[in-house]
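Take a look at the structure below.
Naming follows writing order (A, B and C), and every chain is counted from residue 1.
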Amino acid sequence: MTSAVELQGLSKTFQLSSGWGRRRVRRDVVAVDGISLDVPAGQAVAFIGPNGAGKSTTIKMLTGILHPSAGEARVLGYTPWKERRALVRHIGAVFGQRSQLWYHLPPRDTFELLARIYSLDRASYTRRRDMLIERFGLAPFLETAVRKLSLGQRMRAEVAASLLHAPRVLFLDEPTIGLDVIARQELRDLILEWNRDEGLTVFLTSHDAGDIERVARRVIVINHGRVVLDDKVSALRRQYLGSKILSVKFHAPVQPLVLPGVTTLKAAEYALKLEVDTRVAPIEQVMAAVLRAGSVADIAIEDPPLEEVIAHIYAQAPAGAG
Amino acid sequence: MIQATRKYSWIALTAARSNLAYLSEVATRALFLAVILYIFLRLWQVTYGETGAERLGGLSLPQMLWYLAMTEALTLSAPRVAAEVDQDVRTGALAVQLIRPLDYPLARLWTTLGERVVRFGLNTGVGAALALLMVGPIAFSPGGLLLFALALPLAFTLEFMGQFLIGLAAFWLEDTSGLMLIYSRITMILGGMLIPLELFPPAAQPALRALPFSSIIYGPARMFVHPDAAFLADLLLRQGLAIVLLALAVALVYRAGLRRIHSNGG
Amino acid sequence: MIKRFANYLGLAAAYTRLNLGAQLEYRGAFVSQVAAMILNDSVWVVFWVLFFTRFPVLRGWNVADVITVWAMAAAGFGLAHAIYGNVLALATLIAQGQLDVWMLYPRALLPHLLLGRMNASSWGDALFGYGVYLAFVRPDLAHFAMFVALTLAVTLLFVGFGVLTGSLSFFVGNAAGLADQWRFAMITFSTYPAVLFEGAIKLLLYTLVPAGFVSYLPVQALRELSPGYALLTLLGALGITAAGVALFYLGLRRYESGNLMEMRG
């Protein structure tokens, strides 16, 4: 399988200066610190990390906007900052909060303009456009001014617009931000579908755990400019399956539970929420303790939500990296 | 080359169509222009009456009012390029533009021209209706209007370049709105929006003609009320020269800005 | 009565201090807004100077008289909206049902409500008005004292006119657009010498668009140092303000009776 995106020790150091004249101080801030990656063509990758981790700096280098201080990168065989003009015809980008659709005009007009901007051949453009209209369900609002569309409709048109020139890599930055539950799922399914059926390489950044779980098969976590985790999304859960969340409701008030390996997340008079480290305290043992503590009305055992897993990884960022 | 022409002319067309959404502003514009033009009408009626002159600065009273209607239409139709470029620089939208196979300054120029044609058309319609109502028509000829039309594209381009440069200053300045205000006010005064250049103190006139501001407002408005092929040739020369100089400045500054984006991310 | 007035002045001073403090939190932005307005106003002075260099007299008025018109309009308009910034927002406040908040205070509604906001750039107008009068007209003490007194009357006029136009929202839905345009006509006519106009328009300038109380009467008062014209200016300001206040409280009754509820969505 060929690589769509390949990074070798990619680094970026910003020079910040403050003060004036003689007191002017320069200091270097390392935003990206030697990232190496290989994303095969057709893979969907979630690229995540806390704010300021270096995500957007990396994406800007991959799209040729920003020049790196050190390291190599190849996107579809092009070195982005040297061959930006050639590269941009083959990549697409959707920035959740930055629309490329013309606000006062219907989506169709933006499509027509994009066809000219990318100098698309008329026949293949028409074919591609009609397919996108059908698959993204744009027909009902194709002739409606963008300002009158719902956010969900707008984002669907937005993603379709970025696929018009048949890019081979799609960069998506927070594509579902602000969308309601249904619109979010629709958009995720569309992106996934395109990834599976058309072999589109997807590079997704998001803070939404649902986006990551649904769309990506691989997750790359970066923090302080370094890759702190690079694994399958399914493995992400498994790694943290060592812990369980136990929610218990009682018929009568209970005393707090004290056991090694058990952390109380929430405690009310009639209810407890516990995080159990099953390597220290086997779940049967904890259940027994709970049943002894009082008359149980209801009980639920869950895996920790992905959001917490991610927060946990962020918190464990390597010391001395920042 | 042909592809590039198609690309940018389509951008202009799209911008023009998008601005038709502002048709509803016409009513507001009409009142604004009506008040201003009526006051100017009275001011110049009184002035022509008191001086007893048939022509002032070479213009009759009706010509003077049509001149002012045209300078207002020109000034009011100037798109807010500086503010938009400033925003693009600050929000990083300019950087994102680099992901498209487009040249940012050219795309902006054509967007502006498309937008401007619509706005100028609407303002001229309103201004002409009012001037007709107040002083009646002046001598128009198809040839004269053609000469006037020839004075416009470079005037619009020149105005665009000044504003574009100010917008690019956002790479280095915290706030460019002050700079823009100074630019627009200087254009109003030195460009002859309120008084034609002929009525300025004679000593100042050669310098004012040499400055680009008069090529943006005074030149086209004067062509409108007083078409003159020799005047047009001179105007086009001045406009062309100013555009070459400003284009050089734009290229330099834009390149410096790009370097900043490439090293700092914008 | 006097006690109540002094008490109100205390309230106004407190609001102005507070509003100014809030503006100065963003000192750079505040200063540049003020400077921008001064620059903007200067354009017109340049225009008039250019005009009068070529045509020294306009219906008996010289350049100093016309600059006085501008100084009067700018100082009055500036002071009015620097202190009573909510005058400009009144139409919107009414339409959006935001008077409710102000009705909870144990204060007379209208004079209190108007103090709620400061229009920063109006300080530029005010500074420009007094500055250009001092620098350009170079008045003696008597003229300057009269100028200051007249600007206070003109301030009252602008506040009253703002209340009058803003209160239209009680009767015709959201009248913000209409109020803006009416105000625009008022400001524009206020900055050109009223001697230019005759007939019906002249009548308009003392009724619907009461710019004559800015661009003629006070300037005439200063030209002749005439208490008569000064008194007429004050009477005009009081009349417009009375009309504005009356319309406001008339509309308020509709507001309180809930007849406007449907437009608050």
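Details
Throughout what follows, a residue touches a chain if its C-beta (ideal position, glycine included) is under 8 Å from a C-beta of that chain, and two chains touch if they have at least 3 such contacts.
Quick caveat: nothing in here was measured; it's all calculated off a predicted structure.
Among the chains, the centre nearest to the mean of all shown protein C-alpha atoms is found for B.
The most distant chain from chain C, with centres taken as the mean of CA atoms, is A. Taking each chain's centre as the mean of its C-alpha atoms, chain B lies 32 Å from chain C. Rounded to whole angstrom, the centroid-to-centroid distance between chain A and chain C, based on C-alpha atoms, equals 54 Å. One inter-chain figure worth recording: chain A and chain B are separated by 45 Å, centre to centre, where each centre is the mean of the chain's CA atoms. Of all the residues in chain C, the ones that touch chain B in their complex are 28-29, 32, 35-36, 39-40, 42-43, 46-47, 50-51, 53-55, 57-59, 177, 181, 184-185, 188-189, 192, 196-197.
Taken together, the chain A residues at the contact with chain B in this complex read 14, 56-57, 60, 63-67, 81, 84-85, 88-89, 91, 93, 95, 98, 102-105, 109-110, 112-113, 116-119, 145. Taken together, the chain B residues at the contact with chain A in this complex read 3, 6-7, 10-11, 14, 17-21, 91, 93, 95-96, 98-102, 261-266. Per the touch definition, chain B reaches chain C in the complex via residues 28, 31-32, 35-36, 39, 42-43, 46-47, 50-51, 174-175, 177-178, 181-182, 185, 188-189, 194-195, 199-201.
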